[in-house]
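Each structure below appears as structure tokens.
Two complexes follow with subunit A in common, the first pairing it with subunit B and the second with subunit C.
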Partner chain A sequence: MAVIAAVARRDLRAIWFSAFGVGCAAGFAALSGVLLVIDLRSDQARLDNWFGPLFVMVALLASLLTVRSFADEERTGSLELLLTMPVTPWQLVAGKVLGASIALSGALITTLVCPLLVMVHGSPDSGPILTGYVGLVLAGVAFVCVGVAVSAATSSFLTAASATAAVLMALWFGGVIANNLSGRLQTVLTYLSPSSHVTGFLRGTLSVADAVYFVSLAILGAFVTRAVLALRR
Partner chain B sequence: MTEGVEVELRGVTRRFGSRVAVSDVSFTVRPGEVLGLLGPNGAGKTTTIRMLVGSLRPDAGTVRVGDADALRHPLEARRRIGYMPETGALYPDMAVQAFLTYCARLRGVPRAQRGTAVGRSMRAAGLAGTGPQTIGTLSRGYRQRVALAQALIHDPPVLVLDEPTAGLDPRQRVDVRELVSRLGRSRTILLSSHLLSEVTELCKRVVVLDAGRVAAAEEVSTLTALAAGQRVRLELRVTGDAAVAVRVIGAVTGVERVEERAERLVVTGAGSLQPQAVAAAVVAAGLGLAEMRSVGASLESAYLGLVES
Partner chain C sequence: MVVLAVVVGLNLVAYADNRQVDLSAANSFTLSPETVALLHQVGHPLQIVAFLTTGGPDARDASYLLNRYREVNHRISWSVVDPDANPGEAKAYGITSYSTVVLSYQGRRITAPDAQEADLSTAILRLLRGSTQQVCVMTGDGEPDLQDTGPNGLADVATVLRQNAFDATAVDLTVGTGTVPSTCAAVLEMGPQQPWSPGEVTALQGYLHKGGRLMVLTSSLSNTDPNAVLQPWGIGFEGGLVLDPARSEGVDWSNVVVQDLPSAGPVDEGVTSLQFPAPSALVVGRNSGALTVEDLAQTSSQSYVDPDPSSGTLTFSPGDVPGPAVLAAASDSSQVLNGGPGPAPGVAGPSAVHTRLFVTGCDTWMTNGFLGNLGNRRFFVNAVDWLTGQDNLVLATSQAPGSRPLPLTPALQAELLGVTVGAVPGLIVSAALGRAGWLRRRRSKRRQ
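After this line comes the complex of A and B, so read on.
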């Protein structure tokens, strides 16, 4: 556990104490504010239309924050050293996921000001706000796991970020495209898409199936990362 | 593990796609020995080292460090090794002390001993006073010292140093060499280097790799003695047309190669080569012979003989 914490702390520090990390978090917070302004145009104290696009933004943020996990270490050569430490691949993967997840959660905390503002000026239902954040954290960790896996497969900062974003957007919009399809393909694409698993969180319900989906995505990402690390050796 | 052996590679092979980078490499390092790993670029030195330290898996063969089989018990083997990679492999955004503390954590140094371990490794690598400095702001020489300090953080019995003086100026090179020499008194060291003078100074025994295979694994003295018996090397300063000199010397019996190097000609030949015959050929061609000397057999001549044969 100490090793996982050490790796996570190192990555967290590298993200938070860098212009890149601060820029990502600031951009995320600013965009969430813009989304809130757009959402409040309806003159209703409800935030489900605000949470929806926030999930897409979390996917993009995860793409950016996870490039530091392995791609940046590969670029600077420090991965070579890391792989010679008496650390198991699972400890390494867990540390990387934990570090990026905490960094992402930190960015999510900055958005709390939005529901607080709405609560000051109105009486929104607190249930969907709570489940919305639970959903954002769950989805965020799953997206981070996908990002860490892509990051492990490349040494290019840009490739890692754009490939993760492409994978997550393809999954997300696969669900949208599925609406125009029928049969088994529609069922598969709909299930695979995170967009079809966030609706419950937006409505204020916690569904085990949705939670299982995001946990499964996270586990899949972790296994792929482990496999990529094994292939590197 | 063979008795009296700290590191053992046996029949180690590694392919990258269809290219065989290292083929059937076997050698041992004895406890307390400083072993040099030599070879031209692309000979497989770094690949061999990476398989030893665990960042690459061999396709065939076995690697043992102490009593640990590096493939079956990789963590145990890695705990016994301190590794200084060829490239910096550092975090430029971290302070020296923070980086070393991080390495100590990953290396499993108990919390109560981390401060002492960091201080000890900093002193051993000549980094006293640099603790709060950011690694990215240090000179290349100091970054090499940081890389060495992290290799020493857990006080390992085996040190693996991949080109420890690469890119350093002569003063820094001497410093690092002295450091390695000092460390070699209490540890087993595998040192990869391009600098033959460095290897001659620090190592008693060398393993020469060529095209991914072991070309020789001998004591430095054995290799140079072998080279002395097999080859003659002459250095000449000739006045007149150098091209003519190269041609006439090349025609002398026993001459294998004539090279122009900074206004000098370096002649390499078999043991039967007569220096007088070379001098006579130069004079007979109407050229002036300003200087001619026989260059003693060195690790360089032995090395060249091995990798060019």
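After this line comes the complex of A and C, so read on.
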């Protein structure tokens, strides 16, 4: 556990104490504020239309934050050193995922001011706010794992970020394409799309299926990362 | 591969079971056990199209609820269509008001008045039952025509009845045997202008005594006096013209907007206001034995009844009766009849009969010109459903999330943007710059 924490701490420092990380967090907070004002134009103290786009923003943020995991390390030459240290591949993967997840959660914490402001001025239903954040954290960790897997497979900063975003958006739009299909293919594509698992969190429900989906995505991402690292060694 | 198999297996189990915890206020999206059981009976594709203004909270709530329906049974597909953006589609479905939901199943089509669980589930139950009920619409006394599409006609009523799986049949009790056909699930007397003949009165009295279901919509502008039929069931037609200065449409005090709907029963369910032009007052008796009588719609305390509208004075004057006035009422009676139809076909003996009566002192609120106003359509559908025993087919536990107003004033918008776009990112950047500055100072001290 100490090794995992050390890897996570190292990555967190690199993210939070860099202009890139600060810019991501500040930009995320600002954009969430703009989305809040757009949502409140319905003149209702409801945040489900605010949480919806946040899930997409979390996917993009995860793409950016996980670049540091492996791709940027390889670019700077520190990956070779890391791989030769007495750290098992699973400890490395867990540490990278933990570090990026904490960084992403930090960005989510900056958005807490939005529902707090709405609570001060109105009386929103707190249930969907709670489930919205639970969903964002679950989705964020899952997207981070996908990002770490992609980051492990490339040395280019740009390739890692864009490939992660592309994978996540492809999964997302699979659900849109599924609307024009029928039968089992439609069911499978719809289930694989994160968008079909976000609705529950937006309306204030916690679903076992939705939680299992995001946890599964995280587990698969971690296993793919482990496999890629094994190939590299 | 083992991990992949385990993950896929877990997802299959979770997908099939799909347990949920609803943390929303009033369990807005938890379906009742009856609805869940009903949805499991849907064995063929069921399409649900909700006509709502997309982007608004009603459309989002409808999407969430319909998604819940689909989660229970994947044979259910749904969509939300904006009738303003898709007028052709709305016209193709015969949609004339917002919040209408069209359900199609095995070649049959039915509408629900709203995208709430009770409405949707009741409509699905009707579809699964696969049968229509006959409602008999009285003619022969100058009633508006069901085919008439003009403002005083009842073509919209005919459409609403058809969309709710009712077969509307004209019945003229002034000719022939003058008896109400046994196939009538309810008799609707909407806007008679001529007095009832003795034969009609006898036919309606006999019909009610045998467990009939009667709707009477009349006013003092008509020559019909329904009291001989209504009074034994606890409702009396007082007549006159009701004026409500506090709740009226425009400057016409007789164009009453009803906002007091005191009943917790199914007829008032989902109705928040009504428009009753030139209404007359009813008198509602007390409950007695098996007879239950209930006010459904009342005017405000500032209203009054002018017993002689032809006098020309609209302001309150001596002789006027102060309100509130009852404009709509319902009566329900259950009794056991000896020598009646019997408890089962071919079996003689006592049987229970349930008589229901729905009366309004206005005979224009359901015409084409007014049916689409305020809650009139819903009120009419609820009344027919209640008369025919279709009310509350499904007990719903979910409630609509409700309105939580928060007007986005310029001041609030400035505050939100100032804090979320200005202060918070500013703090983050300031903290980072502060730390960088502190590190620089520490390094330079060490060099010294």
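Here is the rule we use: the second predicted complex is superposed on the first by the 233 of 233 C-alpha atoms of A that agree within 3 Å, B and C clash if a C-alpha of one lies under 4 Å from a C-alpha of the other, contacts with A are read in each partner's own complex, and residues count from 1 in each chain.
Everything below uses one rule, namely that a contact is a pair of C-beta atoms (placed from the backbone, for glycine too) under 8 Å apart; a residue touches a chain by one contact, two chains touch by 3 or more.
Quick caveat: nothing in here was measured; it's all calculated off a predicted structure.
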_Partner, of subunit C and subunit B, that touches more residues belonging to subunit A_ = C
*Touching A:G77 in the superposition: subunit B (first), subunit C (second), both, neither?*
first
*Could you say whether A:A2 touches subunit B, subunit C, both of them, or neither, answering first, second, both or neither?*
first
*Quick one: classify A:L130 as touching subunit B (first), subunit C (second), both or neither.*
second
*For A:F17, select first, second, both or neither according to whether it touches subunit B, subunit C, the two together, or no partner.*
both
*Share the list of subunit A residues that count as touching for subunit B in one structure and for subunit C in the other.*
17
*Within the complex, which stretch of subunit A touches subunit C?*
17, 19, 22, 25-27, 29-30, 32-34, 36-37, 40-46, 48-49, 110, 113-114, 117-118, 121-125, 127-128, 130-131, 187, 191, 199-200, 202-209, 211-213, 216, 219-220, 223
*Would you tell me which residues of subunit B are touching subunit A in their complex?*
50, 53-57, 75-76, 78-79, 81, 83, 85, 87-94, 102-103, 105-108, 150
*Where on subunit C does subunit A make contact in their complex?*
3-4, 7, 10-11, 14-15, 17-25, 28-30, 55-57, 60-61, 63-64, 67, 74, 401, 403-408, 412-413, 415-417, 419-421, 424-425, 428-429, 432, 435
*For subunit A, which residues are in contact with subunit B within the complex?*
2-3, 6-7, 10, 13-14, 17-18, 76-78, 80-88, 233
